[in-house]
């Protein structure tokens, strides 16, 4: 029970177990069986389950999304894997017009049990076309489920749930989470696809984190605690449907809401959260909910510019304390030799 | 000055004048020179400006978007035309990864002066794949301008501005607006791409309408007026950037905000408006801002179902009056013989 | 006759959805579906009524769907442009051009993966051959040697756009497909017998595991692109051209050859079947808005 | 040598962006760009350094870009994967596979529309041929008879994926392109002279208004897909295969033929140029975050 796996290994185990349990599951995507195995998440699967069930594809993301839909509509449970969400825009038509709509427009006569895994890049100069985080685009489309697990534990449980789900599930995985370990049971467990999780209780303000930003929120909560402020941290996990009630009930306790999205603020997931919370908990709010996330321009490549692009824990703590009417000066986390375009080494579970 | 044109004619005049004024302008799209001329909006243009400048394309929206980008980056000003926004999802990769980002990621060394016109379908059973209204997807992407003119007057002025703009502009045109007339000057005038417009002043509540929904808001404002309530109606017009200050200053006067989007509510443009207004005018709000729009499922085809899909004036009036703490019962507009899957005949300018 | 009935009734405005009729192109549908077994699947695009019926779809459920009724093959949710009928082996028709093609390929992939002897036929138009996704689909089908027939009904137009502005004149559509290394053939799409021979030939080799086949059929649409009327007056095609194709009526072709004679009793029988289907559609209830408002997503898994 | 220098310096972690090196594939870039005039444009994808330099790009600005400096060809915003240098006639390189191809076609369209004699060359890999957008682009170029050369460097791999899982073995990439009715040729991509002859031949016919040409060049990437190292140890390709291609070194090919002999003085000169460029890059300032935060949109029009 105390076994540790990292995020990539956890996903691999979910795929491995699903492939073993259900002959209808197939895994396909560019590089799935290659020596790198999509950052380790598909390593060894082809050897274990054969080239018919774990396969590479041509550089045709659009058609292969349709192929997966054809498989799903005729009884299989395909898992499509993309090394960057940016690449999957080529398949956006299939996802939005077809995958999301078949079950509805065909009057529930068939379901579309497929999973589309997309990795979100960050750092090391991946720049404008390899590090977008486009969950908001999928979050707007009825018929899709959209998840962004943060911990290795949730990654495994939600992946198993996604594969078993009869709805299409889009799963966005942040690259910087891959090496982070957490307690991951060996059993085939399921984490619900539509529930946020309180990762740290607090009383003064609710911080909602999306994916990697949940870890930054936890670090910010530490800083706030040192300053005597108590932040509750919610790991959103489900982007569509949103678990509004979990957030609302947290805000009913703390009266303050700061969302830290891993994506553009404008027109993003954080806007929907604000709107939903305002609709349901207006009278509980002491101050206006605020949002942090990516600024309103594409990701620049040079580390000199990219360092400035992402919210950092001390900035989150600062904003939270301002919402509480305080003004402390929080110091950036000590990163030793590490530059900001690499993941923070200290983030390790269990969470 | 009192000349009337309908929306389609107004766009055609904008294209015609732009083609005449600037040899770099070209217009391309499926069916552009055909006998129907994209609902009339491109009729006669090929005859006037030649097949090199006004042209049909192969059924390759994705590549042609790249072609237009290549034209724009080398000094031309292409206008791409699509008969449905749904079709343009095939080109989403080009729009998001390339068109929106070139100017930024190439450090302003070139600009991308292109316009992508997309018609939004509605009614007559166009159903799940021909009547989406996906402005929220484009609104999330930095580097794009996104507009949705409501009146024929604005359609012409904003189209001319869009063509002259050095940024890529996505213009979404609601099919039901095409036959509606308004005063449209013959001159080459410009309507700013980033300003909302107050179409009706009021004191009790601010109704923000998106595209066709602005007309429904005006009808609702009439009903409210009969009940003694004074609604201000704002025609959003610009989806990206949002004219937040216009909305905020209206809300500062009325203390109440109801947004009626022509699109899905969840994760939509209305969420961004709520979030922005809450951030800037929290203390002015008497009640929580509310949102209306399309429900969280795809558009069904049967009129028996589609009738229920779109907000109607009496429902808007009802919601507004509830936000004012009143409860009136408003009657549906009398549509005579017309069913709800056809445009309302009474909507005519000047607005 | 079915589609003529639709065309006649459409102006009553009770079928409130766009319809793309196949009148003039019937031979392709009939000839190609002739060799399909009931366990095989057909997939189509925006112009799909003929394919649906030829694959054994229910006339009643089709008409009810056009009339937006709950008894339609998608319960009124899809309308003319989005059909499905798994009981007839008709997987789906969807109207984004090209977009249903990879789905058909996926169905063939799944058939092969599960060791079934199912075969899939996908219908496309000449315009669809300009979409990238069709090329990606052809390549995928060839690489995986899938049991799928691509049937292209080349009716010379994409809406009102002639070939010249869309494709080069010095290659055929079959040539284009052949670039992918797929077996191709081509024939007269207005001759149901010829079509059936070509299709059967294709099915034989597909069933023998020799991989996908591409079939180009030349044909012509008589009515307007979308809607019930003739549109030779609007000027995108010549009356001469129309008359030439009109003379090559797929039904007359068979009749002239004596293969099929449309006897008065047949005509009557069909007419009465159509009549019954229309009645059925008209008398069927509309879907109930309350039931549509179900949440789109299934309940969570556990 | 330039890219070897990049490979050597990369582990210092001062070039903080992904790099896709062309070592082993130089002959294609050099031979194809040889016949381009300065007013012509080149466009590329993720593996673009060689194309950029061969088209006359600045070594200093390239290295400064890799080092993320404000003096880089995109001021540090783009990095290795997003290059542009209009002064060198290098329109753009962008790394979404296939995505820059229609843009190149658009540049050719615009050249033709404006009556210029400009020609555009677009470089793609074998993997890109599997993307739908490349097919749409080929068709568009042929229909409009555009002045564009499609140059495909077939290095047998897409990342670590071999041809078998992506394309059928019984047709070549040139065959595939030929389906579109485009003129094609193919040759040894490791022989710069042969490449130049094929390219010049293509340019002659393109400049004569005879429309686009497609050129398939076989070649091989020596190092890993992305990054500075050799990766023959990870098992996706055989050492035999590697050695075979290694023996066919594009530079040795020329040297053996006596066309070009790499004299010590040349080597020294190049080394010093590289050294200077690296110095330039290292000493250049980083871009200023303040200036990047400008609003993305131009001011409104009036």
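A, B, C and D are the chain letters, set down in written order, and residue numbers restart from 1 in every chain.
In this text, a contact is a pair of C-beta atoms (placed from the backbone, for glycine too) under 8 Å apart; a residue touches a chain by one contact, two chains touch by 3 or more.
Worth saying up front: this structure is predicted, and the values here are computed from it rather than measured.
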{"item": "Each chain counted as touching chain B and chain C at once", "value": "A, D"}
{"item": "Cα-centroid distance, chain A relative to chain B, in whole angstrom", "value": "32"}
{"item": "Centroid distance [mean C-alpha coordinates] between chain D and chain C, Å", "value": "43"}
{"item": "For chain A paired with chain D, centre-to-centre distance based on mean C-alpha positions, whole Å", "value": "34"}
{"item": "Separation of mean Cα positions, chain C and chain A [Å, integer]", "value": "41"}
{"item": "Of all residues in chain A, the ones touching two or more other chains", "value": "57-58, 60, 62-63, 86, 90, 93, 97, 104-105, 127-129, 142-143, 296-298, 300-301"}
{"item": "Shared interface positions of chain C, touching two or more other chains", "value": "74, 76-78, 82, 94, 96, 99, 130-133, 136, 139, 143, 165-167, 296"}
{"item": "Touch-based graph of the chains, sorted into line, ring, star, complete or other", "value": "complete"}
{"item": "Residue numbers on chain C that touch chain D, as the complex places them", "value": "130-136, 139, 142-143, 165-168, 170-171, 175-181"}
{"item": "Chain B contact footprint on chain D (complex, rising order)", "value": "41, 74-78, 82, 84, 86, 91-92, 94, 96, 99-111, 113-114, 132-133, 136-137, 139-140, 143, 296-298, 300-302"}
{"item": "Interfacial residue positions of chain D with respect to chain A in the complex", "value": "16-18, 68-69, 72, 74, 76-82, 94-99, 127-128, 130-133, 158-161, 165-167, 234-236, 286-287, 289, 292-293, 295-296"}
{"item": "Chain B - residues contacting chain C, complex", "value": "30-31, 34-36, 55-60, 62-63, 86-87, 90, 124-130, 295-298, 300-305, 307-308, 339, 341"}
{"item": "Interface residues, chain A side, partner chain B - complex", "value": "86, 89-90, 92-93, 96-97, 100-101, 104-105, 127-129, 132, 134, 136-137, 139-140, 142-143, 240, 242, 264, 266-272, 274-276, 278-279, 282, 285, 287-291, 296-298, 300-301"}
